Structure formats: structure tokens, C-alpha cells
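What follows are several structures.
The two complexes that follow have chain A in common; it is paired with chain B in the first and with chain C in the second.
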Partner chain A sequence: MTFLEAKTQRGGPLSPHLQVYNMFALTSFLSIVHRIFGGALFVGTLLFVYWIGSAAAGPNAYDSAMNFLGSWFGYLLIFGWSFALFYHMCNGIRHMIWDTGRMIDLPSIYKSGYVMVACAFGLTVVAWAIGLSV
Partner chain B sequence: MAIMRSALGRARGLGSAKDGFHHWWIERLTAIALVPLTLWFATGVISVAGADYAAFAAWLGKPWNAGLMICFISAAFLHGKMGMEVIVEDYVSPRCLQLSVRILLNLMAFALGIFSIVSVLIVALGG
Partner chain C sequence: MPLDLVLPRNSRIKPGKSHKAPAGAKNVKEFHIYRYDPDQKKNPTIDIFEIDLDEIGPMVLDALIKIKDDIDPTLTFRRSCREGICGSCAMCIDGINTLSCLKPIADIKGPVKIYPLPHLEVIKDLVPDVNHLYAQYASIEPWMKNRTPMPKKERLQSPEERDKLDGLWECILCFCCATSCPSYWWNADRYLGPAILLQAARWVLDSRDEEQGSRLDELEDPFKLYRCHTILNCTKACPKGLNPAKAIADLKVLMMERIV
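== the complex of A and B ==
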């Protein structure tokens, strides 16, 4: 029984799951990562809520929050969140272009995929280079 | 661009999502808003990255910054909530579990979003 047949029998959602794809073609990989990063960004808003909430709680709470966020673990979380954010934003723009019916042929999709990944890495590097030098 | 829905589908305005393309459309609107807002957010956060409380409060206290921060929070939590709803619709079954997760997701997103906005106001208004 195939995966989709099993899902149909159970009456569950029929959306394609990761198992039915070659996950490591560029097209599918970038798409899967887009969704995973989207979910991670949503969970990662907890970090933002912690930051802004501690500011509202006052200078002492803000200082201790900044101590945590300034630790290596805090930096790791923020770095991950920032890369996911830039990736999701750049690939989101790619989706908006597709929504207008443009660049949906396979060569364009590969080309825009490489450009998008380069932009996401570029924005992350530039943001951290500026952030760490200030 | 050609209309991608059938005449009957348009008349009913429902489709497989049961509410037309409203959910999809709001997700795109918030996505469009989030492009400039994200770039502003990144530059803003970088500018106060190492700042102490007073400097941060002074930055967030500028009406322009407080306003944009609240726009960013609103768009981000709405967009995130809608994206998570699509993920839950796609991968969570059975139906009762899916509905429970969706309800939890909505309550969480609105609670965290409102908490964040109130926090911005407290700092900006010098609480």
C-alpha cells in the first residue's frame, strides 16, 4: 500500500508528505525548508516575546534578558532565527512572483532558487557583520 | 491574468477551503507587508543590539519606531498563525485533533501578539 492509499483509507489529510518526494532535488528541498523555517520562525517568536516583554518589565529584567540573549546560546538562537527569517522572506518574494504567473518554468525555478539562497545568506552575513561591528 | 476559478466556484465563493481564497489572500497581504517591515525590524534591532535599557527605551519611544514595531508584530503573528494553520491542515489528523490544535494555535498567536503590542506601548509610553 502506498503512503497516499494509506492516508485515504484513514480519511486523513491528503496533502503530499515528505515521503512522497525526492527530498533532495533543489526544488523540493528549498520548498520543504521554506515550510520548516516558517514553523521555526513561529516558535522563535517566543524569543522576541521574551525580549520585548522583559523590556516592559523594566531595566533589571531587560538587563538579565540581554545577558541571556548575549550568551553564546542566545546568539545561536538569534542567528538561526535571523537566517530563517531572511530565507523565508526571500523565498516568500519568489512565491509572490510565482503568484503572478511568472517564472514557473523549470529553468527559471532553478535560477531563482540559487538567487534566493544567495540573497538569504548575503542578508544574514551583512546583518551580522554590521550588528557585530556596531 | 486569467481567473483560475470556475463560474460556479466563484458564485459560491467557497472551494475546498470552505471560505473561498480569503485565508490565502490575507496570508499574501501580510507577507507583502512583512517584506519592508522585516527589513526595518532587522536594521532597527541591529541599531540597538548592544544598547542599555535607556537607549533601547528611547529608540522604541519614538512614535515612528513604536508604530512600525506594532505593525511588524501584528503582521508577523497574523502571518505566522495562518501559515501554521495551513501546516496543521496538511499534516494533522484526525479532524478533532486538527481542530483542537487550530484553536490552541489561534489563542496562542493572539495572546502572544497582544502581549507584545502591550509591551511595546509600556516601554514607548515610559511605564
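== the complex of A and C ==
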């Protein structure tokens, strides 16, 4: 018997959950985005491996990889990857603070949420400013 | 991982009946209410009731009682105290779990959408089966446990020790928090969820209880406690303004402290 079958043993329906719950409250929204970005980081890492691998494969492969990554689409992927990385890092720090039992009341949760998103944006902009200037 | 994102076939919601407001009503609000009748082998529906707000009290529960009294006596929901102390009328209103007796209708823009507590088996209309939650509550043995002999009078507690129980003892077990938690939706077979973990913290942190160690041993499990991923829907939902997420964090800190 699956968990869901066990849960509805008398034959009644399962009450709606994701379908009706407000997932755009800051609490759950930032958490879902954290999960999605975690998955995106995996894809971004594949991109990174492709770039490194092309360098190992020789000048022709490297040139075509650089052509792709240097296109507007490549830039978009790298930009998304960098933002996901900084978001994941900043929110990870927020989670570590909660794990010590601190700042885990509703006003602090909201405040730290906004600060975390601002930091992630800020770090992304700074990283790109540095990256594009060298 | 039993991640059911879509409702099972028999649980999908169909459109239902519509009840118009009486002629001449000026302050009309629509209530969209989840209906399920176990006597008919049909899918749940959403019935629409138009209510004249000038005729009823300010809370969502007042509208439900108005509907049951005057429009459709088959509408089924739990309620008792109508002042936020019994925890019976917990339901999902406007996308957030809360007590219908404490939820002002005026807080809600547009139609008032009312569903039973999420991801539970529905018995009828807004009444879900919460037996599993009570079984999990029993599993943490929510009573004072002592090994030392009874003192002549009572077991004493300093005001500071008593303060640690504030924010925990007020829980009325309405399960708004537990059923707001996606982790609990998908792991309720093994994860205890915020309501039960807050209760666990209530006994672990009680200076008069002498079984803190064995209580923590019981929670030392990849699922029972550690399926909490700090999504924080629990704290957001609690109609009593309690903080289950903090109670869980405190338990995790205690777990850490006894290891290091």
C-alpha cells in the first residue's frame, strides 16, 4: 500500500494542497526558489564542465565553446547561473542562522528574506562588473 | 519519494451548485466552498454562496453558520467555541490555514475560498480525518515523566524555567501548521510535522520532566524531526501567533548540543 492509499483508506478524496495553498507568501516562495535554483546550479555545473572539457579537447573545441558561451544566450545562461549561485549562498547563510535558533520569528524572517534577495542581486552585479572589466 | 503534485482522480474538484443572494441585498460577498458528500460516489465540488454581509457577524465562521442555518443545512464543518480556543474550525481560507472563527471576512479580497485542511482524507465537506495527527501526538508521550520519587508537595519550577514554556503551552492542536507544511504533506507517514514537534519541545523544555534524553533519542531520526526544511509555512499559518519553526530549531540545537 502506498502512503497515499494508506492516507485515504475510507475511500474519501484527498483535500487539495499545492492546488489551493498560497505558495507566494514570502516564506514558502523563497524556499521553493531555493530548491529550483539548487537544481539550476546542477545544470550550470554541467555548463562549466562543458567549458573546461572543451579547453582540454583542443583549440577548435574551445573556440566553438567560447562562441556559444559568448553569444547572448550563453551570457544569459551564465548570468542565471551566477544569480542562482549567490541566491543559494545567501539563503544558505540565512538557513544556518536559523539552525542556531536565531532570527526565526516572523518579522526577522521577512526582513532577512528581503535582505537576502538584495544581497544576491548585489553580489551578482558586483561579480559581473568585475568580470566584464578584466 | 511520494511527491504527489497532482490530486488523485477521485479528488479533483468539479464545479458545483450556485446559491444567489436574496433580492435587495446590498453588501454581497461570494463564498466558494469545498463540498464532498461520502454518500454519493462523486468527486468533490465547489459550491458558490452569495451572502449579504449586513446580515451576519464579521468572521468567516459567521458566514458558514449562516449558510448552514438558512441556505444549505447539509454543509458540514467542525466548530465549537467560536473564539479561537478549541481549534475545531481550522480550515484553508484564502490560501492559508487558519481558524474560521478568528478570520475576519473583511481581510479577504474577492470571493472567500474555503477548503478543508490540505492533504488529508476528507470525511465530509470541510471535515478532514485527523486521526493520524492524534496518533503522532500520542507517539511523543505528551505527559510528565519522572523517575525521582514524588515530592511532598508539587514539583517546583523557577519563573525562568516556566518562561521557557511560553509560546508552547498555548497550542490548541488545530493542526493549521502541520497541514500547511509541504514536507508534512509528502512525508506525514514518517515526519512528525510542526504541531507535534512543537508539543515535543513543550515536554523536552519542561524543567520538571526528567526524560529529556530519551525524548530526544526518540526524535533522532532522519524523518521524525529532520524532515523540517525550514519552509516556515507553519509559523506563517499559526492562528494563535505561535512559532513552531522556532520550537523545531530549538530541538535541533538541543540535539547538536548533546553531541558536541
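Definition applied: the second predicted complex is superposed on the first by the 113 of 134 C-alpha atoms of A that agree within 3 Å, B and C clash if a C-alpha of one lies under 4 Å from a C-alpha of the other, contacts with A are read in each partner's own complex, and residues count from 1 in each chain.
Here, a residue touches a chain if its C-beta (ideal position, glycine included) is under 8 Å from a C-beta of that chain, and two chains touch if they have at least 3 such contacts.
On a predicted model such as this, the values are computed, not experimentally measured, just so you know.
Of the two partner chains placed by superposition, only chain B is touched by A:Gly39; chain C is not. Once the two complexes are overlaid on the shared chain, A:Asp99 sits against chain B and chain C alike.
Using the contact criterion defined above for the overlaid structures, shared-chain residue A:Ser31 touches chain C, although it does not reach chain B.
Once the two complexes are overlaid on the shared chain, A:Val115 sits clear of chain B and of chain C alike.
When both complexes are overlaid on chain A, the residue A:Asn22 reaches chain C alone and has no touch with chain B. After overlaying the two complexes on the shared chain, residue contacts for A:Leu76 are found with neither chain B nor chain C. When the shared chain is aligned, no partner comes close enough to touch A:Val125: not chain B, not chain C.
Contacts of chain A with chain B, set against its contacts with chain C after fitting on chain A, overlap at residues 10-13, 15, 17, 95, 99-101. Those residues of chain C that touch chain A in the complex are listed here as 2, 4-5, 7-8, 10-11, 13, 34, 36, 38, 43-44, 92, 94-96, 113, 115-123, 128-129, 132, 180, 182, 185, 188-189, 229-233, 235-236, 243, 245-246, 249-250, 252-253. Those residues of chain B that touch chain A in the complex are listed here as 1, 28, 31-32, 34-35, 38, 42, 46-47, 49-50, 52-54, 56-57, 60, 76-77, 80-81, 83-84, 87, 89-94, 98, 112, 115-116, 118-120, 122-123, 127. Residue ranges of chain A in contact with chain B, taken from their complex: 10-13, 15, 17, 35, 38-39, 41-42, 45-46, 48-49, 52-53, 55-56, 58-59, 62-63, 82, 85-86, 89, 92-93, 95-96, 99-101, 123, 127, 130-131, 134.
In the complex of the two chains, the chain A residues touching chain C come out as 2-4, 6-22, 25, 27-28, 31, 95, 98-101, 104-106, 109.
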